[in-house]
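Each of the next two complexes has chain A plus one other chain: chain B in the first, chain C in the second.
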Partner chain A sequence: MKIWSSLLAVIALVFIAWVGAGVLHLSTFFGIVLPYLALIIFLAGFLLRVIKWGKSPVPFCIPTTCGQQESLPWIKPNKIENPTTTWGVIWRMILEITLFRSLFRNTATEKHDGNLAIGSAKWLWFGSLLFHWSMLVIIIRHLRFFTEPVPVLIQGLEFMDSFLQIGIPLLYMTDVFIVLALSYLFLRRVAIPKVKYISQAADYFPLLLLLGVAISGILMRYFFRVDVVGVKELAMGLVTFRPVFSAEIGPIFYIHLTLVSCLFAYFPWSKLMHAGGIFMSPTRNLANNSRMVRHVNPWNYAVKTHTYDEYEEEFRDKMKKVGLPLEGEG
Partner chain B sequence: MAKLPKKDELMNYKYEVPPSDWMDTAVDIRPGTYCYGAKGKNLEAVNFPNARDWSPVDEDWHLPDNWQEIFLNGMAERLDKYRSFRLFMDVCVRCGACADKCHFYMGSGDPKNMPVLRGELLRSVYRRYFTTSGKLLGRIAGARDLTEDVLKELWFYFYQCTECRRCSVFCPYGIDQAEITIMGRELFNLLGLNTDWISGPVANCYMKGNHVGLEPQTILSNIEFMMDDLEDITGKRIEPRFNKKGAEILFVAPSGDLFADPGIYTCMGYLMLFEQLGLDYTMSTYASEGGNFGFFTSNEMAKRLNAKIYAEAKRLGVKWILGGECGHMWRVVNQYMDTWNGPADFLEVPVSPITGTKFENARSTKMVHIAEFTADLIYHNKLKLDPSRNDHLRITFHDSCNTSRGMGIMEEPRYIIKNVCNNFFEMPEETIREKTLCCGSGSGLNAGENMEVRLRGGFPRANAVKYVQDKHGVNVLANICAIDRAAMPSLMDYWVPGVQVMGVHELVGNALIMDGEKERTLNLRGEPLPGKGGEDDV
Partner chain C sequence: MYNGGKIIAGLIIFAAIITSPFLLNIGKADEAPQPSLDTPAINQMSEKKCVESAEFMRTGHMQMLNDWRDQVVRNGDTVYVSNSGQEYEMSLENSCLKCHSNKQEFCDSCHTYAQVDPYCWDCHTDTKGAGQ
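Let's turn to the complex of A and B:
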């Protein structure tokens, strides 16, 4: 149900784009209005979500410490996994964000009769890393459509991405990687019972949507060739806020663009916001220095306590009998 | 206490999932798996709302009429007060990396004990009432209504989480189920749904100064008994000091160490050490608890209990505070105490009077962990030690969850152990340090009535102990946690018979050569020391 509804939603989006742009020729809507709208929703939504998180304070210093603390000078602290300085935190965050450090720790537990075996499990880490890095390279590559002249850096990246020199047009490795990685991430949700058990439509849908984006892009580049000059002119028009259509572009382009637009518009309201959230996670972005420097809770308030005087009042006789010193001899 | 289940019954599980969706799988609250409900009087003692006697197995929990409103308003308030809570409700991608990291899941196979799903139990309610998609789309958006059944399910599984943070180590976003459980338990407390095993100690600690409810004269007589035993063992009479104004150091231990076997042996170790050093210290009968069951109740309650430590340090006019071996106590001291009840500007940056070491890492809280203190002593050769007295012991060290993942005190206790013992063996890499496996009884779950859950939750840890028992003949599980000392013995007896549980300072006390002591033939437990002229010599 969760899988089928997600698949159906993505197919519906493809169908809408095909009918709308390919049959009804609503290219202004699908080529100009929708992308702008999606971008506005994405930017505003992303900002709103981050502001909303930011408005909730961090009352306590709660880093998850994953290594030796800084204590005695002759004990070597783990300055990254248990940071006490801002630099340590920055390194920790860089490792988390670029290499998925925590996910790299992943293990798998197996039960053999009366014993547990904890073994290494790196596939999830590898699949996720492959997807995210491919995605990043592909996004940067796409900037060639929005820049004139195309910066050398982007050209260099394209060169590296296609250095295998397979086929014409040249095959980008990241195109293959992203489809493989997304397929893996999707299939593990379907095939591993406990992962399927925890999966929601909100997990399948973005994976299928991303797969749709990748596949439509690949079809466009390698199979149903579209007028690249026309695409570039539209893209340049969009970024200079003077959008024009100079040529007829095939419907596959509108399918691709519509799916991308939907991804952008969907992003801020979904779990995809982990992209922003990871930067704000208090178990990772705080230094474990709360014994060295006082962490202030902005809403700290006075509480009722049971004072020593009240305690002594209740136990005075008993305390006196055993010779404990007293404040009030009463 | 429920009758102990048989091992093969407990082990009769697989990592499989039920055929029905988790939202359609009803919770089964059965004996052995839950803690008794709180008694009304204990909640009243600390002015908690909706205080009443109740039982989790009753059909009717006697909730206030507007319980949903209370719960949801409480949730809204906490979403605004804790970034962790709001973020962790939003950013989980259900990748499942945490799933088999939880000791309760590892030992039960119940999918709702996977941290991701334990979190979803509450996230589904969050989506229904706090997100647009959840309000509009309902179940397909992973949202569900807050019904009484949902509340019961939440309660059941949030008291099957020991707030150990192991999931948080593996989560790519650092989502910490402990944070979610803490928030959930705050919400239950708004409805009077605490457990007896937590609310009792909280009321005790509030009124009497410690969880176990020792009154001042009882603390003194307990210590007296320990000192009698120590006199037999060492030939020296130690007179610990209490409520003494003007001492240099206030020493605060978890009350379990003043109360029962095997914690008392750790306590003897502390006091022998202080005696030998001639330390100018005092303990307090008022601030006689380092641990904090308030932490398993609500932030506010935790702060109310914790306040006594600084208040007493101020009243007695000490310079700094030394803390005993306890797990969650040190999470609280490290990450909360100064924020709640500081700044402790009436104290001085701690300096060891013996070595002159300034504990810069505690320069704001002014509170030093005894393992830091003792490691520093040993490093500076200030202790005369005879590790051969521990030669019959083959030791492994269990990192407590809170001290490893909420502080990072890992090398200090190991350094001490290696200096007071000759036979030390590590458990497998994946089960120690920040990846340590919980005892299964933390966060107020160490009751008797939920023994099945404790045995299951403790099984992964016990299984790692069994590994080193088989491989190295390990017979001692050393630790720096009072709950470990209270909970682990029954766990070891059940899963790994033949392994004793000892605090690190019990081992220190055994090895410590005191000035003017008699020749030791007994260990701190009063048992003959092999090879030292004891009765057991062969």
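Let's turn to the complex of A and C:
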């Protein structure tokens, strides 16, 4: 049910875009209004969500660690897995964000001859890494539609991505990778009963939406073909706030653009916000320096204390009279 | 906000990256290229038409050229019958470039704009068709 409703939602979006742009010719709405709206929702939603997180206090120093903590000078500390300095944290965050180190430690528990065995499980890490890096390359590659002249960096990336020279237009490797990776991530949720049990529509929908984006893009590039110069003219018009339609662009373009717009608009309100959340995770972004620096709970109120020194000061005369030992003289 | 300075700095960087296509194009006027049809061969034609319709060629010329290459190189078939029934020689240099002898103003204008780098010219030259 959760799978079917998600699939239905993506198909409905495709259908709306196809009818709206292909049949009713509402290209101004689907080509100009919707992308602008989606970008505003994405940016505002993203910023608001992160600011909201920033307002949450972190009561305890809770970094998760998996290495030797810095202690005595002759015990070698693990500076990245158990960082005690800001630089250590920065290194750890860079490696976490670019290589998903914590996911690399993913384990699977299975029964072998009646015994429970825990082994490493790297497929999820590999699938995620493949998806995220392909996504990044694809996004950067798309900047060729938004820049004139196209920067050398983007040209180089595109050259490397298509250097196998398969077919015309040249096949991008990342196009294949992203579909494979997303298919794996989706099938994993469907095929493994334990994962399926905890999967919600909010897990299936983004996967299917991303698959829809990738597949519509691939269909547009390799099969249905649209006027690329017309597309770039529209894209450049959008980023210079002078959008124009000089050429008739096929409905597949509007389907792709609508799905992308929906992805952008959906992003800040969904699990996809882990993109911003990773930076805000106290288990990742705090240094494990609780033995050196006192982490004060920000919501601690001023506790009324009465120290022994104050106590002694108050009862000095009485204590002296009965001969109790005193810390301070006077 | 806790650690407000770091978070705001991060958000400013994020917003700058997201809006970079807008920021990089401030004050730039974009003009789409107009591939030039002004060549001696085309000017002499009474009816200016390509192998197929302009709409088809705009989106499908690369796949057509790829098919032509396969047909000629692998099957030895060099005759292309267009939709209108007319026959053409399947040849980039002898058919396409005979009329479109201005590679720079025709092919390159759109390819450069859309950042497409076709490998046609790894083997073919663009001068033969112009009779130079």
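What we mean here is this: the second predicted complex is superposed on the first by the 299 of 330 C-alpha atoms of A that agree within 3 Å, B and C clash if a C-alpha of one lies under 4 Å from a C-alpha of the other, contacts with A are read in each partner's own complex, and residues count from 1 in each chain.
In this text, contacts are C-beta pairs under 8 Å (C-beta built on N, C-alpha and C of every residue); 3 or more make two chains touch, one makes a residue touch a chain.
Note that the structure is predicted; figures quoted are calculated from it, not measured.
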Partner chain(s) touched by A:57 [first = chain B, second = chain C, both, neither]: both
Contacts of A:167 with chain B and chain C, given as first, second, both or neither: second
Touching partner for A:321 - first (chain B), second (chain C), both, neither: first
Superposition-derived comparison: chain B or chain C, residues of chain A touched: B
Touching partner for A:85 - first (chain B), second (chain C), both, neither: neither
First, second, both or neither for A:155, with chain B first and chain C second: second
Contacts of A:146 with chain B and chain C, given as first, second, both or neither: second
Which superposed partner A:297 touches (first chain B, second chain C, both, neither): first
Chain B and chain C footprints on chain A, overlapping residues: 54-58, 280
Touching residues (chain side chain B, partner chain A) in the complex: 7, 11, 13-17, 22, 47, 79-87, 90-97, 99-101, 106, 109, 111, 114, 116-117, 120, 131-133, 140-142, 165, 168-176, 179, 206-209, 215-217, 220-221, 242-245, 285-286, 299-300, 303-304, 307-308, 311-312, 315, 333-336, 338-340, 342-343, 357, 359-365, 367, 372, 375-376, 379, 404-412, 415, 428, 430-431, 433-435, 459-460, 463, 466
List of chain A residues in touch with chain C within their complex: 39, 42-43, 46-47, 50-51, 54-58, 143-144, 146-150, 154-155, 158-159, 165, 167-169, 225-230, 232-233, 236-237, 239-240, 242, 246-248, 250, 276, 279-280, 298
Chain A residues touching chain B - in the complex, by the definition given at the top: 2, 5, 49, 52-62, 64-72, 74-78, 81-82, 84, 96, 100, 102-103, 105-109, 111, 113-116, 118, 124, 128, 192-203, 269, 271, 273-274, 277-278, 280-284, 288, 290-297, 299-300, 303-308, 311-312, 314-315, 318-319, 321-322, 324-325, 327
List of chain C residues in touch with chain A within their complex: 1-4, 7, 10-11, 14-15, 18-19, 21-22, 24-25, 28-30, 32-33, 55, 58-60, 62-63, 65-66, 110, 112-117, 119
